[in-house]
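Across the two complexes that follow, chain A remains constant while its partner is chain B and subsequently chain C.
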Partner chain A sequence: MLTLQLLVNGIALGAAYALCALGFVLVLNATGAVNFAQGDMVMAGGFVAIALVSLWPVPGLVLLPAVVLITGLLGLVFSAIGYFPLKSRPPVSVFISTIALGVIFQNVAMVTFGPEPRATPPLLVAGNVDVGGLTVSIQAIAVILIAALLVGGQHVLLMRTRLGQSLRATAQDREMAAALGIRVNLMIALTFALSTALAGVAGLLLANTYFVTPTDGTNYILKAYIAATIGGWGRLHGAIAGAMLIAVFEVMFPALPLLIPVLPVAVHGMFSQTSASIVLYLALLAVLFLRPQGLFGEIAQRRA
Partner chain B sequence: MSRRALISGLMPFAGLACLVAWPLVFNSPYDLRVFTLVGIYSILVLGYQFIFGHAGALALTQGAFFGIAAYVTGILGAKFGWSFPVTFPLSIVAPVLVAVVVAIPVLRLESHYFALATLGIAQVALLIAIKWESVTGGANGLAGVPGIGAFGLVLPRGYPTLAFVWGIAGVCALVAWWLMRSLRGRAFQLMRTSELAAMSIGLDTARLRFLAFLLSAAFAGIAGALHAHTLRVVSPEVLEFHVMVTCLTMAVIGGRTRVVGAFLGAFLLVQLPEWFRFLEHYYLIAYGGALLAMIIVAPDGLVGLLDRIGARLGLRPRHTLPAPVPLPSAAPEDVTAEVPLLSVNGLTKRFGGVAALEDVSFQVDRGEIVGLIGPNGSGKTTLVNIVTGLTPADAGEVRLMGQDITHDPAFRIVQRGVARTFQLIELVDDMTCLENVAVARLTKLGAGFGRSRSPTEVDAPFGLAKRQAAHLLERLGMLEAAFEPAGNLAQGLRRRLEIARALALEPRLLLLDEPAAGLNEIEQQDLAIRLKGLRTSGLALVVIEHNVPFLMAIADRLVCLNAGRVIAVGKPSDVRADPNVVAAYFGAQPADGLP
Partner chain C sequence: MRYSWLTGLAALLMLSPVHAQQSAPVHVGIPVLVPITGFLSLEGTSQRNGAVLAIRNAPPNLRVQYDVVDTSVSPEGAVNALERALDRGSVSAVVASMLGTQMLAMLPIALERKVPLITVSGTAQITEMGNPYVFRFFPGDDVTKVAHVRYAVEELGLRRLALVYQTTAYGQSGRRHIVENLAKHGLSPVFEEALEVQVRDMLPVLSKAMAANPDGILIHLHSGPTALFIRQAAAMGVGIPIIAGSAMHQPPTAALLEPEELRGVCAEANASPVSGGTPEMERFLQQYREMFSVEPDGFALGQYDGTMMVLEAVSKGARTAAEVARALADMRYEGIAMTYKSDGRGNMAHSAVIMCFDGRTRVPKVVKRYDNITGALTP
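Our next item is the complex of A and B:
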């Protein structure tokens, strides 16, 4: 029973990670550049929600469209400052510019909200429900549903709409897309907006259970990165699968002494949130060493 | 000495004088400590320049190396009471060892993987420092780290510590300058511009990057140890990401490859926040803003900016053309002339299910020009890539003067005497033509990394290399472009420059991938004459071309590939008339439609 409960929590965390990782990969595919500030956009989403709720105390679900809008706009500004001036430079320049933007976001949040952890309001209400004997938090279920809806929506947008077609064409081959009359720069800017909006929502979803502090970004970008690496650099579905794997591992690992009672008490101390992260990074290095193309192979375009 | 030369000659002394004057003017204990930190960060950035600036890899481990060293010093000093002569070397060794271990999985990764993987490592170090309380003191860290000292004597705070730290910074600066000057620095510049080109001049790029990474770690170790001694405490803060960002910002703002840049960056980014301390967290926002502005406006940093201003004012010394010196004549060959220079036997390569090469065999003799023709996708470039070691073969063998080179790494094959040019030209655009060629003399003149030379000697190879490069440029009829940046050249000259660079390797065999592409007719004729002239010294050429008339004029033999197989070998006129060739290469029509 405990296992199932943990699994639900793990999936909820994974769903939020997936949104962040998905945005990361979208930008990666469209520009060939790594957006290092993607994690800070998760943090920004959390604080945007906190700022909104202080003006207008409503449940998180009501805030969601506003968070999408604001972080999406932030993404447009972001691309205008951090990407477009550098688009013909080596990818490492964009990497550095996004590090710089991340630092700016972090410290703007620090100055505005202070270093203490804050929580966003629950999506619906706080509390648990009983599902067939399983006690699950309402927030976890809501997070999973919202994330699933957004991932599905994003899929429909990319695969079924004219705009999505243009976005994909831009990601595939920028010059060819331009030759076909697609407004490539607009598409890239929209990709940034979509990406940061997804991260922003992840922030809203996460910060109720896990709180948010201005320095959280580094943690989230690493998670998105690990998810993208495990899932195969450039693969959208791979990134979602990777995010789920990471999150379930993170939730399960500290609980292993509870789940496996035969473990000697002496080693219980080894199973903590911190050691889970350490094991995760070491696993990442192992993946890179053994399968640099990720578990499912990589498809991201390379810029010469 | 002209007034301009005098001014530029005096600049370093003026800088040094400012450096000495600063702590004499700003001399409160607090000011002195801040200036000591400037020295420490300069060392950190000097180290970071090796991997980030010279090798061009965005490593995010420099902060972690710094923190690890600080903790080693802190733990050994505060907990065990060990003193500086023991803890200092150990603090340098520790990050270097970590670098050796992480380099194995990480260093061969491409930029994005590399950066984030190194960040993962840094994060592990931070988590361990927080979690392993019994040793590291957890989130509170360790207090009571001893000062710098030995045999019971400890350097007092203030001037003595400051002088010691700056003394070490000076030594580090000399080492960094000495390691990266002349040919080596240019070799690194080539490597970060084009790894392919670096391999093609015989550089073991993996080894260079590894060395740069270790040097970074060692310098970070020095800085970290001194930091712990100066502050007398160690806390997880030294491992946090903002140390890394600070170091990166200093390198970007100061300049990525120049010693002066490290000091300039460190000085500005340590001093400015002190002056603007009243801004509190806003100064970190300014940090981010400054980093962003610099990367957009002046990617070469302040040093690059000052250089450009200096060049505007005409402060840079005028170039004088070095007197051309011919390359040493080829060493007597160790193998009898009966063994062909190059023999390719049964070479096969598949990409997925597609056979790019199928049982390809042919030979090239000394002094011969062999044309390699075939329709697009027939496997010509794949063949050259296998011969030069860039692509591994699935089956078959490549022999150079009888020796099997099939499985040699690319740089070794170059050192054995096989040079090449690329279809898409690989030059360093912002390096002069002369330097683009001179850098290829690196391995031959023995000025490579790791070979120690006295400072007077290290300049000699560079001087000689430039004179030999001048000779090669002259031979290709482009000496007047010697000081032109390669990026300013027209296509025809760029091709010739690449050939000059390949010739600087003293090759026995030169493989040219579409040398006539993009050249006009006059340029083609000129190139043909020059290529024919090259074989007088016994050099053999393999020329890939689509331009059949160009090849007819220079080739002794033609090899025709189609769909990965050799379909004809022989005299140019015979191959051209061969019905198989006509059918495959020129289309099914008879050859009357040919030029």
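Our next item is the complex of A and C:
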């Protein structure tokens, strides 16, 4: 039963990580640049929800469209400041500008909301449900469902719509897309908007269970970066799988002594949250050494 | 909040000419160098607020000049801020970062320039280096962890305690003192594990802790992780007492949890300003709320008391920074939270309280007070 409980927690955490990683890879593919402010967009989504709920105290699900809209607009502003003026410069310029914008977002959040941790409202209601003896938080179930819907919706958008075709064409070859009449700059701006909207939703989902502070973005961008590397640089489904693997590993690894009773007591100390981080980063190094193209192969060829 | 600032400023401007006619005011420089950004920003902001409120309440014969500088969390940031502040002009004392690593970096400069650092840092090492220019107005782990363990063992009668702490210097120091104090009662933790600040899911560590069959859990975590831990414990219905570190006494930590989730949770701290209790505490609470529009915590009160003690020392005749340091080393000061007196190493706070939540509100009640734990207040 504990295994299932941990698995549900891991999947809920991974679902939110996946939204962040997905946005990260969308921008990577469209621009060839790493957006190091993606984690700060997760933080921004959390604070946007907190600001909205202070004006309009409703469940998170009702706030979700507004969070998508506001963080999407934030993405447009972000691209106008952080990407377009530098798009003809070397990728490192965009990389640095995203770091700078991330720091600006952090400090704006600090000044506006203060340093203390805050929580967003639950998507539906707070509390737990009993599913066959398994106590599952309603928020965890809602997070998994919402994330699955968004990932599915994003897949339909990219694969089944004309806009999606244009976005993909821009990501694959900007010059060819422009030659075919696609408004490349508009597509890139929309990609930023989509990316930050996904991060914003992740912020809304995560901040109810795990709270949000202005400096939380750093942790999320590291997770997105690792997810993209493990899944395959530039692979959308790879990023989702990578995010899930990271989250499930983070939750399950420290509990292994309980899950595998035959483990000798002498080694129980090796399975802690701290050692989970060490093993996670060792796994990342192993992937870089042994399978640099990631689990699903690599699309984007340039890494920042 | 803005109105309060303007009112205070106007009052100061109106009063200044009167004082000029009566006697020349004494100029006091007290830079406030604290971490307003970074992972300790919540506590650093409390520190700043406490110092600024004390400066506002300075004795009328003093004219206090101060700048607030954000040291963030790097030692270099703190050192640069300190050197710039000292180079700018006459400084009587410095309100210095509560981050232990920053304090350790600032201590040699304070020694060289003979300027007292007034802090609420909990890192034990800062007062163990023989530096006569550091004064800590928040009880260190050698005080609070005595209260933490004594309440669990003596008042609640717990014998099988699990211990969960942070991997940071704060967490390691707390863990060392908890284990030492448990040993004095002939006990050792039945389970212990360190958590990184970034850990999100507390189910694994709580499951492992409960598998050790404890009768109580001691936690020594930062604010966010404390709330996550207690929320998970409530969801699991652990049904045993949880006695938390000082992070739990901070109102923003309690605000993250429902009152019902807090039922049966206790915490140690230097004081619980939101619980009120004395006229002085009520007045501090009211002023703090008016000025900053947030609830004060024990860090703010400790820094308030420390800064007020500096101002009193100057008011009573200490003129140079070295004279202020000597006065702080010798004086006994009745603050709002407790009586302060140096133990000879700059540890000024020797009392701690235990507060508990009843499950109906987020305002805890002080249930036990431990005074003069170190014996430094004994004449």
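By our rule, the second predicted complex is superposed on the first by the 283 of 304 C-alpha atoms of A that agree within 3 Å, B and C clash if a C-alpha of one lies under 4 Å from a C-alpha of the other, contacts with A are read in each partner's own complex, and residues count from 1 in each chain.
By our rule, a contact is a pair of C-beta atoms (placed from the backbone, for glycine too) under 8 Å apart; a residue touches a chain by one contact, two chains touch by 3 or more.
The structure displayed is predicted, hence computed values, not measured ones.
After superposition onto chain A, partners chain B and chain C are found to clash with each other. In the superposed model, A:97 makes contact with chain B only, not with chain C. When the shared chain is aligned, chain B comes close enough to touch A:288, but chain C does not. Shared-chain residue A:107: touches chain B and chain C both. When the two complexes are overlaid on their common chain A, residue A:274 makes contact with chain B and with chain C alike. Judged by the touch definition given at the top, the superposed model places A:128 against chain C, while chain B stays out of reach. When the two complexes are overlaid on their common chain A, residue A:120 makes contact with neither chain B nor chain C.
When both complexes are overlaid on chain A, the residue A:166 reaches neither chain B nor chain C. Once chain A of one complex is fitted onto chain A of the other, the partner contacts of A:257 are limited to chain C, with no touch recorded for chain B. Using the contact criterion defined above for the overlaid structures, shared-chain residue A:9 touches chain C, although it does not reach chain B.
Of the stretches 9-17, 27-35, 45-53 or 99-107 listed for chain C, only 99-107 runs into chain B once the two complexes are overlaid on chain A.
Overlap of the chain B and chain C contact sets on chain A: residues 106-107, 110, 272, 274, 277. Remark: chain B residues 56, 58, 102, 104-106, 108-113, 115-117, 119-121, 123-124, 127-128, 130-131, 241-242, 245, 248-249, 252, 280-282, 284-285, 287-289, 291-292, 295-296, 299 touch chain A in the complex.
Note for the complex: chain C touches chain A at residues 36-39, 41-42, 44-45, 167, 193-196, 198-201, 203-205, 207-208, 211, 223-224, 227-228, 235-236, 250, 252-253, 255-256, 258, 294.
Against chain C, in their complex, chain A makes its touches with residues 2, 5-6, 9-10, 13, 106-107, 110, 114-119, 126, 128, 135, 137, 209-211, 213-215, 219, 250-255, 257-258, 272-274, 277. Contacts from chain A toward chain B in the complex involve residues 28, 34, 81-82, 85-86, 89, 91-93, 95-97, 99-104, 106-108, 110-111, 218, 221-222, 225-226, 229, 233, 272, 274-275, 277-278, 281-282, 284-286, 288-289, 292, 302.
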